[in-house]
Amino acid sequence: MTTDQPKRTLLTDGRKHPRFAGISTFCRFPLIEAVNDAQQPIDWALYGIPYDGAVTYQPGARFGPRAIRDASQYIKPVHIQHNLNIAEVFSLADAGDAPVHPYSCKETLTAACGFALTLADPTHTKLLSIGGDHSTAYANINATWQRRGKPSGGLALLHFDAHFDTADVIWDEKWTHGSPFIRAIENGLIDPKRMLSIGIRGPLNSIDDFQFSKKFGNQIITYDQWRGGDGKDQIKQFLNRIGSDETYLTFDIDCIDPAFAPGTGTPCCGGFTSAEAFDLLRNCKGVNLVGADVVEVLPALDPTNTTALLASHVIFEILALAAAGK
Amino acid sequence: MTTDQPKRTLLTDGRKHPRFAGISTFCRFPLIEAVNDAQQPIDWALYGIPYDGAVTYQPGARFGPRAIRDASQYIKPVHIQHNLNIAEVFSLADAGDAPVHPYSCKETLTAACGFALTLADPTHTKLLSIGGDHSTAYANINATWQRRGKPSGGLALLHFDAHFDTADVIWDEKWTHGSPFIRAIENGLIDPKRMLSIGIRGPLNSIDDFQFSKKFGNQIITYDQWRGGDGKDQIKQFLNRIGSDETYLTFDIDCIDPAFAPGTGTPCCGGFTSAEAFDLLRNCKGVNLVGADVVEVLPALDPTNTTALLASHVIFEILALAAAGK
Amino acid sequence: MTTDQPKRTLLTDGRKHPRFAGISTFCRFPLIEAVNDAQQPIDWALYGIPYDGAVTYQPGARFGPRAIRDASQYIKPVHIQHNLNIAEVFSLADAGDAPVHPYSCKETLTAACGFALTLADPTHTKLLSIGGDHSTAYANINATWQRRGKPSGGLALLHFDAHFDTADVIWDEKWTHGSPFIRAIENGLIDPKRMLSIGIRGPLNSIDDFQFSKKFGNQIITYDQWRGGDGKDQIKQFLNRIGSDETYLTFDIDCIDPAFAPGTGTPCCGGFTSAEAFDLLRNCKGVNLVGADVVEVLPALDPTNTTALLASHVIFEILALAAAGK
Amino acid sequence: MTTDQPKRTLLTDGRKHPRFAGISTFCRFPLIEAVNDAQQPIDWALYGIPYDGAVTYQPGARFGPRAIRDASQYIKPVHIQHNLNIAEVFSLADAGDAPVHPYSCKETLTAACGFALTLADPTHTKLLSIGGDHSTAYANINATWQRRGKPSGGLALLHFDAHFDTADVIWDEKWTHGSPFIRAIENGLIDPKRMLSIGIRGPLNSIDDFQFSKKFGNQIITYDQWRGGDGKDQIKQFLNRIGSDETYLTFDIDCIDPAFAPGTGTPCCGGFTSAEAFDLLRNCKGVNLVGADVVEVLPALDPTNTTALLASHVIFEILALAAAGK
Amino acid sequence: MTTDQPKRTLLTDGRKHPRFAGISTFCRFPLIEAVNDAQQPIDWALYGIPYDGAVTYQPGARFGPRAIRDASQYIKPVHIQHNLNIAEVFSLADAGDAPVHPYSCKETLTAACGFALTLADPTHTKLLSIGGDHSTAYANINATWQRRGKPSGGLALLHFDAHFDTADVIWDEKWTHGSPFIRAIENGLIDPKRMLSIGIRGPLNSIDDFQFSKKFGNQIITYDQWRGGDGKDQIKQFLNRIGSDETYLTFDIDCIDPAFAPGTGTPCCGGFTSAEAFDLLRNCKGVNLVGADVVEVLPALDPTNTTALLASHVIFEILALAAAGK
Amino acid sequence: MTTDQPKRTLLTDGRKHPRFAGISTFCRFPLIEAVNDAQQPIDWALYGIPYDGAVTYQPGARFGPRAIRDASQYIKPVHIQHNLNIAEVFSLADAGDAPVHPYSCKETLTAACGFALTLADPTHTKLLSIGGDHSTAYANINATWQRRGKPSGGLALLHFDAHFDTADVIWDEKWTHGSPFIRAIENGLIDPKRMLSIGIRGPLNSIDDFQFSKKFGNQIITYDQWRGGDGKDQIKQFLNRIGSDETYLTFDIDCIDPAFAPGTGTPCCGGFTSAEAFDLLRNCKGVNLVGADVVEVLPALDPTNTTALLASHVIFEILALAAAGK
């Protein structure tokens, strides 16, 4: 237990200041300016990428960062299962939103990556970006890869999603929310041999959608394989295989069933429950996380804010996973 | 794998034409007029029966076909588990909505059955109707039975539902959404000995509600029996028993828990998850489907369209089940 | 089976009078005045405590009793699993709402307890209160304890909740929705050694939140322990330990996942499904229930009334559990 | 001012008992049983007719009485403009809901009228029914006409509506929500020469829709005529013409614009604001009201309860109008 | 009155076929294929442009055509004020949706214009496009201008909007939903001297926003000028000035107050009521309409479909205005 | 025109940085820390008081400041009618939220007033508080009065509201959302002779509710008087009477009709349209504003954020009114 550690994050105490009060920041973490003013290092910086121009169906995820900031006020810092307080393990900050170009995915990714590269201490601070649609993951993967010294083999990737997101071209465009990982692999940011996609399900456009993984060698666990019991062992083998390799985690909220996460743009029925998803994340204990994102929260389809709240819990699980892996 | 088969359905390609564009048809299948113009046979015709006058609680399912057409735009044709493309196995069409008489259940059933009897090739084309309340199932069962040559023993029935729907009379009326199967049995359309009701749950009006099955010999698997583990074997035995008998499948969306399907008129807490329901449907592989319906979607109680989307997935599963059984 | 028993509750028959008609009472039970007029004893009286001034996050549970009355119209009396008709086992009544003082938790608890003490036959009639926030449970526990003759050891407690609700002081206040059980233990109403909290989960403010249970000896089953399989045995041991002791059951709707119960003030992702919660309640068969409450339903966050409907089902399960234990 | 009058209605005082507490009755008026027990006469009895089987578009108004009971808790008794307290002028009661036959409009109207005829003192108590769809108005008009001694010339009628509701037959049916007034005129309950329809607007099926009024001589003020300034004089002339004749008032909530009343089944854009409608009702001061109804509130399309609240205000205005005319 | 004219449009009769049934087309007009098959000319073709990539705030108007098709089922053909039946005056058709390029405004405008140019008889058929965001208006203006023979002076323009939509560049982009009219003027499609913008209101980015109109000479009536009484005369003078010139009408639903039209991307409080907007449109009687659009309906922010219904009414008013001007 | 003035407020430019991006502050004004860091004076500081414990009906306004921050992102700085740019006239800042005590109105008012007294330059900076329920107005009135040097006659008051809010005691409590002004008058903060309440309407609890104004001499314009045409002159006379006296403006969003402002706790049908309310505010030009508040926005009843957006517009109008009066 970590209670004897000094408090690192300047977290607002909900027992003193109500959680419905104050300027909204992710999980009530301090604004990056305040942490800088306090001359404190930052272990993880969270920032939004409010861009949704690359979607193929329902837009609106540009409002994701704002909704998640509001919903995450209810998140507290102590993780029961990992038995730690993320605010004691890490110094955390909300770095605001990256600049975006609403009319160009590519320019948005360039601008957001540029912004991310400058945040806090590039060699120390890790980045968790909050979408936005899944195209934005590319920007944070790119920034993370660069900040880690551009490892030639690329990063390992834990990919939670209902969809492959490895389509080469959609509607004549190479930069879409269905394509971040093919681009990341092409550009050497991600190593497909150390990439695990988990939660894939639902009807497909064509049987060729599986071909990418065959060609590039990334590992896939469909939701149904996981339900059938094969998944846990596969995850363990994957974790064993990557060992302490630098790993990026990308979490598309639509890997969870629309009953739990209705507010998303391309929902697919028959997925993880929230509890199953948390289980999965906790089972990844030991992974060496060097960057992460949570994407595809669409507040206009989230009348009770359940999806944004769930995304907040996922952010908390990811930070706790990183803390547990230290 | 079926990729070498010629494309049979004139399906709009979502990678070329966005799924949010165009006149809404079920799953983007072509309108029946277009298929007829192309002089193509039709294996399965889908049509709506927008009638909800026979409900006992919350009305509004008359808007079900419209909502399901809109939500089903996101359905794609390839089924991973059955490893097939329904649009390659079947020629499919949206036949529009049956005529209804909003003030009379009996007249609606007559009109809808009459409409259904004329669709495409009566001896070849199979019918999937979309409600509307559960009373509408009777019309499609009747049309299916007639098109199959009025088999004297009736059809076998796979019945997914939270409720029995075998009430004799409700509020002095014999034609209600709680009575389609007692009427179908009385009239020889369904064989109660080869009828399986699965998902029954929730508080009952009286202990007599079980008597129907005792008297007529239909098999029942309550949701709790299924949860307890008894269900899978029972389903297997039922499937073995009916073998290749002509079977009709009726799917009341309220067999699924209201968290997943809030948009329904008589919701009952504590039911299947979507994933469990898909599992069940996939476990029926091998059944000889000759007709089906999906009923009781109530859009006014479905603010994020989750229920209509789920119904679209169920339709996809049913068509894939039929394809897998070919 | 209990069908030969005389009908005890003056229940409106849904097959005769539609469930969408009439003055709303809990589960269509008769108003207490009508039962009194009929000179019938009352086994269980249900009443609302429309107070939410003690919450720490989202208010609005003061409208819980009204919403649950409306949603519970669809509840029927026969419980399949326990094989009984609660309206035949028990004479049941809706006693209306307790007086509340919207600006003072303590005065509300005093007023509500005073109201509860006078209901029907204090030595015979058991009480089920419907919140309101969880602070209101104290009033009903207090009234139950007094009506049972102020047992010196206090009552045993079955506590379903995502949260401990044993905080000593929140925002300088000892009477909050996070504190009912510490107060009940301090005042001898509840015996912490015979208290079981089940469903605890989610991020905590501090690691000290577990200290209460360590100090007072109450038993805790986190949701994750339950998911891991430990829970069922623990529950059985607890039930064996308390035997036929007088037991109070408190049910915070937020023990169930927000996908199933979005309408609550402090939702926590990753909890019980409705079916799991019903299972748990049914597994408590044999417990000697002498009082109960269902709390924290917040209608303004419940656009499809799913949470209020679920709370109605929980009330039904609790009454059936009491009936099964007779 | 009427403050020296004795209090007649046993109204719950909102300053003592919060308006969010207690069994819901219309405007917190006492249940008819309580007034009878107090051996008090009843001047106006309010009752619901939860029937919507006669609609032509969106159903759900069967839940109107329940929603209006809940929303009307916020109505207080003093009317500023008429300078009176309706609870001092009148003894008022909520008589519950009439029996309905959900599958037959005609049987519902017979049952509801039969119920209405028996309420309180048939020669003294006036009736205000709350729908339900507009077909239900016929039942209350019929009961009112009979209770007033079956006046041979029929009653005068003040009709607020976006639609004529004088269609002879819709979908082969003579009893629909588009036909109550043609039936009432045919049966001598209403005198078409003393009938004023106000608020008519929107696209029509055919130009013949005006023919009814031409043939029967009822007076029509379209919404646009009223906006153009012609309306006020026409209303005055109508009121002068009917003088102290016994008059029935029927209020379809869809006469008000959907911005103010979204929760209705056949909404028509471009209608009265709430303030304009209240103005109109107040301008009818002096009319001798002997019965009234408020219909077509559809709660499933009323997410913020604004329509049900508005209907409560309309009920209050009607009762105040009746009081002002005494 | 036009009743002796032959019926021109193959309209489904709502008194025979319920308005909640059938494949959704705009106002239940026939699909263009059916009209072509019947070898009937088409006076006005309606089509959707489901594109929203050019917005500056809330996206989602890509689902506008679908929502308006569904909501417009309740529109009937007879216009009381203009005393005509649009389906008798005009042969009308739903031409489906234009192709769009979701990732490029410019390519979308090119594709949509190309599609529009081919519809029905280019020299006879007039076009009404349904957005989509306001950028889509450019495509239909362009197609209309070309079909009218590329008049060198451009078309006159009636522009209903809360915003100018004449921004030169937004976020480095010349093709946005804030820029359609500056582009149309630059390219000679619209004559700024014969352009009237009505309904402008709300806070501005800079005082320069008025400069466009000063420079180009288009006429502006702010909502407040209109409320102050100046507007009606200005409209009359504008109509007199343009006389029988070919005029295009563009209607941004946000010219109407968000109470009436919440479902829009850049709502601005304090605008027209629906009734005021209809009045304005009716006051334009006599204008020679050669094309029109209705844009910026955003269904995800329209929980009761009020905005889509209002847009349907506006379409009806525009067609009736065109009919009245014949 | 003020364009030659130097820009005073560090406003984010929406044409450069999208309005859906970045940490939410009121109207995108800078955080007070940033203005302080820039050593800039502050003319008006805006801050939230997230407290709703003093309500009498529907709670939830504690989330008002957060919702208004989010919705106000779309507000721009230039006011057309007053012909000025508020960001050029004033240096503006968001000072965050005041501390509150959720369980005590009185302690909240003390804490919030204490917080407000310390903001920026107490003798220069004026304060605009954002509720929270109407009780919070007292805190800002108190702070404003103290910062203005505790003028012995109190401040003048412009009061927009559907309700009097001068109840002495509600449910035994003197500090409620129905009582701020009686307390402010008792304590000499407000001069009742220079107090104007406008918009009063709706049913009252008792005829005595008018007595306060009779006794204390404050001026009242009911909504109906204003509609009748009397209001404008009365306002003018009031403004003439107070001249350049220091005036506080309190704006309860429920003075506007629930069609425009559904998200409020005690809605009252039949009130101002948004446009009428803006008109009123603009007609107060010349008033010497020294403080203001906007209260009673309840986000849980505001599904399309229309009410929060409207409140943002009202804040903008108030600041522009203050700027116009300089």
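Per-chain numbering from 1; labels A, B, C, D, E and F assigned in written order.
Convention: a contact is a pair of C-beta atoms (placed from the backbone, for glycine too) under 8 Å apart; a residue touches a chain by one contact, two chains touch by 3 or more.
Everything numeric here is computed off the predicted structure, so don't read it as measured data.
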{"item": "Of all other chains, the one whose Cα centre sits farthest from chain C", "value": "E"}
{"item": "Greatest separation from chain B - chain, by CA centre", "value": "F"}
{"item": "Approximate Å spacing (C-alpha centroids) for the pair chain E, chain F", "value": "38"}
{"item": "Length of the line joining the C-alpha centres of chain C and chain E, rounded to whole Å", "value": "56"}
{"item": "Junction residues of chain E - those touching two or more other chains", "value": "18, 20, 56, 58, 62-63, 102, 171, 257, 259-260, 273, 301, 303"}
{"item": "Every chain pair meeting the contact rule", "value": "A-B, A-C, A-E, A-F, B-C, B-D, B-E, C-D, C-F, D-E, D-F, E-F"}
{"item": "Chain C partner contacts - residues on chain A that touch it in the complex", "value": "1, 3, 13-16, 18-20, 74-81, 83, 85, 257, 259-260, 273-275, 277-279, 303-306, 309-310, 313, 316"}
{"item": "Parts of chain E lying in touch with chain F, wherever the complex brings them together", "value": "56-58, 167, 170-171, 201-207, 209, 222-224, 227, 257-260, 262-263, 266-267, 269-271, 273, 301-303"}
{"item": "Complex contact set, residues of chain F against chain C", "value": "52-56, 58-60, 62-63, 101-103, 105, 171-173, 176, 300-301, 303"}
{"item": "Contact set on chain D toward chain C in their complex", "value": "17-18, 20-25, 31, 33, 48, 50, 62-63, 65-66, 69-70, 94, 96-97, 99-100, 102, 303"}
